[in-house]
Amino acid sequence: MIEYRIHGRGGQGSVAAAYLLAGAAFEAGFTCQAFPAFGAERRGAPVTAFVRIDDRPITLRSQVRAPDYLVVQDDTLLLDPALTSGLKPGGAMLVNSRKPTDEIAANFDTRVVAVPATEMAQEAIGKPIPNTALLAALLALTGDLPQEALAAALKSRFHGDTLARNLTLIARAAASVEAGAWQKEASDA
Amino acid sequence: MVQDSTRLNGLRAKHGRPPAGPHEPQAAPSTLRQGQPRFRGLEAGHRACQGCGEALAARIVMENAGPDVMVANATGCLEVFTTPWPQSAWRVPWMHSLFENAAAIASGMEAALKARGRNTKVLAFGGDGGTYDIGFQALSGMLERHHDVLYVCYDNEAYMNTGIQRSSSTPHAASTTTSPAGKERMGKRHLKKDLLSIIAAHHIPYAASASVAYPADLARKVRYAMGIEGPTFLVVHSPCPLGWRHASALTVEVARRAVECGLFPLVELERGALTNIMPIRTPRPVVDYLELQGRFAHLFDETDTRAIEERDHLQALADHNILTYGLAGTGDDPVDTTGIAHVRRGGPLAERT
Amino acid sequence: MREALEGSLAIARAVAMAKPDVVAAYPITPQTHIVENLSKLVAEGDLHTEFVSVESEFSAASVVLGAAATGARAYTATASQGVLLMSEVLFNIAGLRIPLVMTVANRAVGAPLSIWNDQSDAMAVRDAGWIHLHCASNQEAVDTTIQAFRIAEATELPVMVCMDGFVLTHTMEVIDMPGQAQVDAFLPPFAFSRALDSADPRTVGTLVDPGWFAEMRHSHHAAMGRALGVIEKVDADFAKLTGRASGGLLTVTGDPDARVGILAMGSVVGTLEAGLADFGTEAGTARLIKLRAFRPFPARALREAVAGLDTLIVIDRAISPGLGGIVGSEVSAVLQSMTAAPRVLNYALGLGGRDIPESVYPALIAAAANPLAPRFAVFDADLDKLMPEDR
Amino acid sequence: MTMTRLTRGAWAAPGTSLEFKTGNWRSTERPVHAHAKAPCHAACPAGEDQQAWFAKLQEGQPQQAWRALVHANPLPAITGRVCPHPCETACNRAALDGALAIHNVERWLGDEAVARGWAYPVDTPAPDAPRVAIVGAGPGGLSAAYHCVRLGLNAALFEAAPEAGGLLRSAIPPTRLPRDTLDAELGRLLALPGITLNLRARLGRDVTLDGLRDAFGAVILSPGCELPKPWSVRGAVPADLHDGLHLLRDFMDHGALPDAARGDVIVHGGGNTAMDICRIMKRAGANRVTLITASALPGPNTARDDLINVVPRELEEALEEGIEVIEHATVSRLIMKGSRVTGVEIVSLRKEPGPDGRKRRVEFEGTERVLPVDMVVPCVGEQVSPDGFEGVLDGAYFWPDDAWGRLREDGVFAIGDARGNRGTVAAAIGDGRLAAQAVAARLLGGDAPVADLRPERGVAGLNTAYYPAMRRTAVAKLPVAKRGFETEIEGGLSRAEAMAEAERCLSCGNCLACDNCWTMCPDSAVIKTVEAATDGSHYVFDLDYCKGCGLCAQECPTGYIQMVAETG
C-alpha cells in the first residue's frame, strides 16, 4: 500500500488532487482511497488530504499518519514544522515552488523536488491551479502509475478544451522532472 | 388544469356532492343525509364543543373545496375532535402529523401528487397556534417554494386545544390562561400579529381573511383560491365559545361584530396588493364586540381607569384597520356590499350576484 | 460497474436509481454532497423527481412524510443536529407506519459544536421506531440504500441508512455500482396500499386513546420483529442479483476460534479488520462482529455470533452520559439470557471525529487480556487534558 | 357487530364519525320550528296573512299571492285604497328602513286580479247547500257572503239601498276609491254563483228578522251605522246644522255644499269621515278648515290608544292640503248670532284612567277658548239605525259575545260597524269571514272555529343582520293643486315596484328557506329537504347529531327556529 499526504490551502484543489490521484490509481487497476482531513476551514486556510493506493481492498480508514510521499501545493507551508511528520524513511516530498529544488532541499533531510506548478498551470490552462501539474510530476518521479492513468482520470472530470489544456499541462509537468527518480526498491512493495 | 371528469363524477356520486352540471349523473341517495346538495367533507358526529366556530368554518371550507382534495391538518382542536380512532369525520384523504408541520406535510403531498400526475388539490389546515406561532416557519417555506396548496388558518385567537393559552394571534387585552387579567395586568400585553400582511409579503397569488359570520363570502374565497394554481392562504375568524367565554349560540354574532367593528377586517390581497375589502359602512363600536365575551370582561369595570383605556386602545386599533384598509367604503357602488351575509327567500343573496 | 467515486456521489446515484418520486432535504454537512449531487442529477435531467428544497430538516422530514403518505417513493438525508430537529417527525413517520428511506451521515451532536463524525445523532433517535442499518463502507452504503427502499416498502417501516459522516461520505473509493436494470429488477415500483387518494379517502394520524395505544406500540414492535427476517431476505436477494451481500443483520469475520470478540458498527469495522491483519499475529487474533441492523436489534443472531467468546469488546461511537455506551448496554442486555455469556467491555471510540488509528486494535486486545480493564471507558480520551475532578 | 381491529398506523375510514351520536350531548335545549304570527298578520283586522302572500310574490307568482290574499279578504282592490293598514304600523321592517308598503301592494294585486280576470278560488256551492241570510251589502256583508260560498254555503244578501257597497259607496269619496274600481271588484264578487243579492230590501219594511230566521239556516246582520250619533254640546245649535256623514252623502250625490262652507269651517270629530269632509270642504273653497279632535296626531310619544283613528296617509294628505288640526280638544259650546253660528268654544281634554282602570275623557277647566267660525260640522260617529232590530240591539249597537259575532238569538250573528267597536272596512271584512266560519261549522257540521293564539314574532325575535337595506317604494300622488273631486289622489305601483317591495318582506316568524340554519350548523344536524319537512319549511333537525348549541335559532333571520327545553 502506498500512502500520500497532500498539503495545500483552501481553494488550491488539494482534495481534488487527492481524488484525481485516487482516480488515476483506479484507472491503472488498483484499489484506492482518497479523503480530506475534514475541517471547517475556509478559503486560504491550510488543508490536508490523503490518498491510499493498493492492489487489495483497503479497509483501513484512519488518516494517513506515515505517508510514503508528501505533496505540498504551496511553498509557504514549508515553514510548518509538522509538515513532514510521519513521513516514512526513504519517503519524498514534491513541492510547488518557483524556487530551485536545492534551495528547499537544504532545509529538509529527505528527498525533495520542486516544480513551478502554478506557473505551468497558468501558462497551460490560464488558471493558477497547481494540482494536476504536481500530480503529473509525482507520477513521473515515482513511476507507480502511468501518465495515461492520470490522463484517464482527467478525462472523467474534464471535457473539451479544458481537458486538452490539462493534458498538455500534465505532459509538460511530467517532462519537467526526472522520470523514475523516486522509483522504489522492489522490496518496498 | 385538466380535470378527469370520470373520476370526479365517481367521487361526487360517492360523496354526495350535487352534479356540477346537467351532464353529470346524480346518484340516488339512500338517506336524507346522503341526499344533501352539498359535499359532506366534514361529516356529523365530530366532537367539537357546542357552537364551535372552527367546526363550522371547516365544514364550509370542505363543502366548497371538495371532493377532489386532500388535507394536511395540524395538531389542534380540529384534529382532535374529528379523528378519535376508530372514527373519522372526514370524507377526504386527511392526515395529521404534528403541530408545526401541516404546511410541510402539505408540501410533501403536493410534491407526491405532482410526481404521480394527479390533480387532487392539497389543503392544509391549522389553528392560530399552528399557523401564527409554531408552524410559521414551515408555512413560510411552503409559500416561498410556491406549492400548489391552499392553507386555511382557523383563527380562534388562542391555544384552545391545550386550555386557552395566549398565542401571537390573541388580541390585545384579552384574558387567557397565560395572559390572565389581574391587579397588575389587563390581559395580553401585546398586539395581535398581523399575519396576513406577512403572508402577503411572500408575494403569493392570493391571501385573504374571512369569517364564519359571512359563509357566502367564505365560500367564494375558498372557491377563488381553489381555482388558483400556487400557494393561497385564508385566515378564517372562528370564535371559540369556550375560550372566548360567550354563549354557544352567539358564535356567529360575535364573529359578525368583530368584522362590523373593524377589529377583524375582511380583505383580499393578490400578489401582496389589496384587491378587495368587505366594507363596513357604519362601523359598530368595539364595545359591542367586547361585551359579548368573558375574555374581555375585565374591560368593563367602570371603576378601573385601565379598563377604559384598554377599551379605547382596542377602539383605536379598530379605527386604524378601518383607515388602513379603507373599510368604510366609497361612494354608492352596489358592488361595495358584496360578501355581506344577506339572505333572501331560497338562500344567501351573495350566491346570486 | 466498478468506479472510483466519492461516497456522497455514489449514494446520490444509488438513490437516483431507486427512482424516488419526491426528495426533500436541507443542507447540513456532511450530508450536503448527497443532496447537491441529487440536485445536479435533477438539473441535468438524469433524475425525474420532485426535489423540494425545504427551509429546515423539520420540514424535510415532514415533506417526505406527506409525500410517502400520498404514495410517493420518498427520500431524504440529514445528519447531526438535523436528525434532532427532525426527531419529532421521525417518531411520527414510524408511528404512522410510513415507508421511506433516509440517509444519516452520522455526526456528533452539539454542544460543543462538532461537525465531525460519530454516531450520536442516530443513537439519539433510536427509540423513534425506525429501522437503523449501519454501513461499514461506501459499497455497503450504496447497496444498503437500494435495499432500504425494498425493506421499507415490504415492512411499511421507515429505514435510516447510517453511514459515517466524512469518513465515508467524503471518501472516494472503488465502488461497484449496480446497473439501472439490476435495480429495476430488484426494486419494483412503489405501490402503497394505504396511500392517500381522494377516490378512496382514509384518515391518517388519528387520536388514539389509552384503550388502544398499548396495542399500537405492540403492533409496531411486532412489525420490527418481522423486519429482522425481511432485512436478511432482502440482503440475500440482493446478493443473488449482484453477488454482493451487505451483511444481513450482522456479519462475523476474523478468527472464528478467537476467545476475544470485537463488535462495532460503521466504518470503524474496516480499521479493525486492517488492525487484525497487520497486528493479529503479534497482539492476538479476534472475532470481529459487524453489526448492521441496530433496529430491529438482532438479539438471537447476536447470541449465536458471540457463542464461545470469553470477552466481547463493544465499540460505541456515541455515549449516553451517566450510563456509558449505548450499543454496549444493549448488547449486554441481550446476552443476559445466555448460559455462558462473555464478559462485555464497552469502549467509546472516535467521538466527535477523533481519528481512529489502526493501532487501536492491539490496544483493545490488550484491554481484553486485562482482568481489571474497566467495563466502560472513552477509550481514546486523553485524561490529562481534563480538570482533575473529571478524570 | 364485528370486533374492531387496529389498522396499520391507526387509520380510520371516512365518515365513520356518524357512528358517534353527538345528540347525546344535548342536555338543555333543542331547536324546533315555531311558526309564529307575523305582526302584520296579527294586526290585520281582515285576518290577512300578508307574510304568506308576500312569500308567493317573492317566488314570482302574483296570482298565487292574490289567491292567498283573498283567502281572507275578497276585496283587496278596495281595502288596498281605503284601509288604514295597521299591518304597516306593526311591520317589523319599520325598525330597519321603513315598513313594507303592504297597502300599495295589496291594491296592485287587487287591480291585477280585476284586470286579468283571475277567478276567485271558490267552488260553486251545491244547490241544496244550506242558505244564509245576510242583512246589509256593505263590506261586512259582502265578505260574509263570499266566505259562506267559499265554505260551501249559499248566501242571500238583503240590501236596503238600490246598490251594494254600503259606506264604500255612500261615505268614501271617489278621490280615495274610484267608482269603477269599486264597481269592478264588487261586481266580480257578486257574480259568484251561490250569492244572491236582494236590493231595496230594508229590514223592518221589506223583510223581518224573524222571517229570515225561519227561511234561512242562519242570519248575519251587517247593517252598518247610518244614523249620526247625537252631538253633545252645551247650549243652542244652528237650525241648518249638517252632520258630516250627511254632508258627505249630499256632496257625493249633488256636488254642492251650503254657502257657509265658503268661510271658516270647524269639523268636530276624529275619524275618516271627518277627514274626508274636511278635505272636500277645503277643496270646495272653504277659507279655512279646522279639525277639532280629542285624539292626538302621530308622533314619537303618541300612545297607541290616543292616536287619531284615520288612515295615516289621508291625514298626511290633509295636512298637505292645509287642513288645520287641534288635537286633544273638544267642542264644548257654540256661540250663536241668531240662528247662525259665529264661534265655537273649545276645551282641552285628555284620556285619563278612571277608578275602574278604563280611560275616559277628562276636560280641563280653564282651558276654554273661542274660535270664530262660519260653519261647524259635527262628525262624531254613527250608530245603527234601529228599524227592524228591536230587541236585538243593545243600545246603539250590537254587542255579540265573541269574535264570531254570535248573538244571544240562536243562529243570528252581527258583524261590521254595527258591532260598535269596529270602525274600518277591514274589520268588517274580518268579521264577515269569522261569522261565515261559525255559520259553516253550525250548518255543515265540523268543529267550531277557534282563535289563533300563536304568539306574534316581534322585531326582537328576528336576526335583522341578514336583510339588505332596501328603500320603501314611494307611490306617486296628485299634487295638491290638482286634487279635485273625482280623480284618485294616490297612484299605484307598477308590477316591478310591487315585486321589488315584496322582496323587502322579512318573512317574520316563517321559514324563508334561506339556508341559514343549514349553513350555520357546525354539526351538520340540519337536513335540507322539501319532502321530509312537514311543517312548510325546507329543513328538518337531525337530533341524533344536534348538540343544542342554539346557533340555528340565533341566526334564523325570521325567528322561525326557537330553542325549547329538552323534555324527558
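Every chain is named by a letter (A, B, C and D) in the order it is written, and numbering of its residues begins at 1.
Going forward, contacts are C-beta pairs under 8 Å (C-beta built on N, C-alpha and C of every residue); 3 or more make two chains touch, one makes a residue touch a chain.
Computed from a predicted model, the values in this text were never measured in an experiment.
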item: Pair of chains joined by more contacts [C-beta pairs], C-D or B-C; value: B-C
item: Most remote chain, CA-based centroid, reference being chain C; value: D
item: Rounded Å distance between chain B and chain C, as computed from the means of their C-alpha atoms; value: 44
item: Centroid distance [mean C-alpha coordinates] between chain B and chain A, Å; value: 65
item: Computed distance of Cα centres, chain D from chain C, in Å; value: 91
item: Chain A and chain C: spacing of chain centres that average the CA atoms, whole Å; value: 34
item: Junction residues of chain D, two or more chains touched; value: 10, 12-14
item: Multi-partner residues of chain B (each touching 2 or more other chains); value: 83-86, 88, 90-92
item: Every chain pair in contact, whichever chains are involved; value: A-C, B-C, B-D, C-D
item: Interfacial residue positions of chain B with respect to chain D in the complex; value: 32-33, 35-37, 40, 42-48, 50-53, 55-56, 59-60, 82-92, 215, 241, 247-253, 256, 337, 340-349
item: Residues of chain D that touch chain C when the two form their complex; value: 6, 8-14
item: Chain C residues touching chain B - in the complex, by the definition given at the top; value: 21-22, 24, 49-50, 52-56, 58-59, 62-72, 74, 88-89, 92, 96, 196-199, 201-209, 212
item: Chain B-facing residues of chain D, complex; value: 4, 7, 10, 12-22, 25, 55, 58-59, 465-468, 503, 507, 512-516, 519-525, 527-529, 532, 540, 542, 544-545, 547-551, 553-555, 557, 563
item: Touch list for chain C against partner chain A, complex; value: 2-4, 6, 30, 115-117, 137, 166-167, 170-174, 267-271, 273-274, 353, 355-358
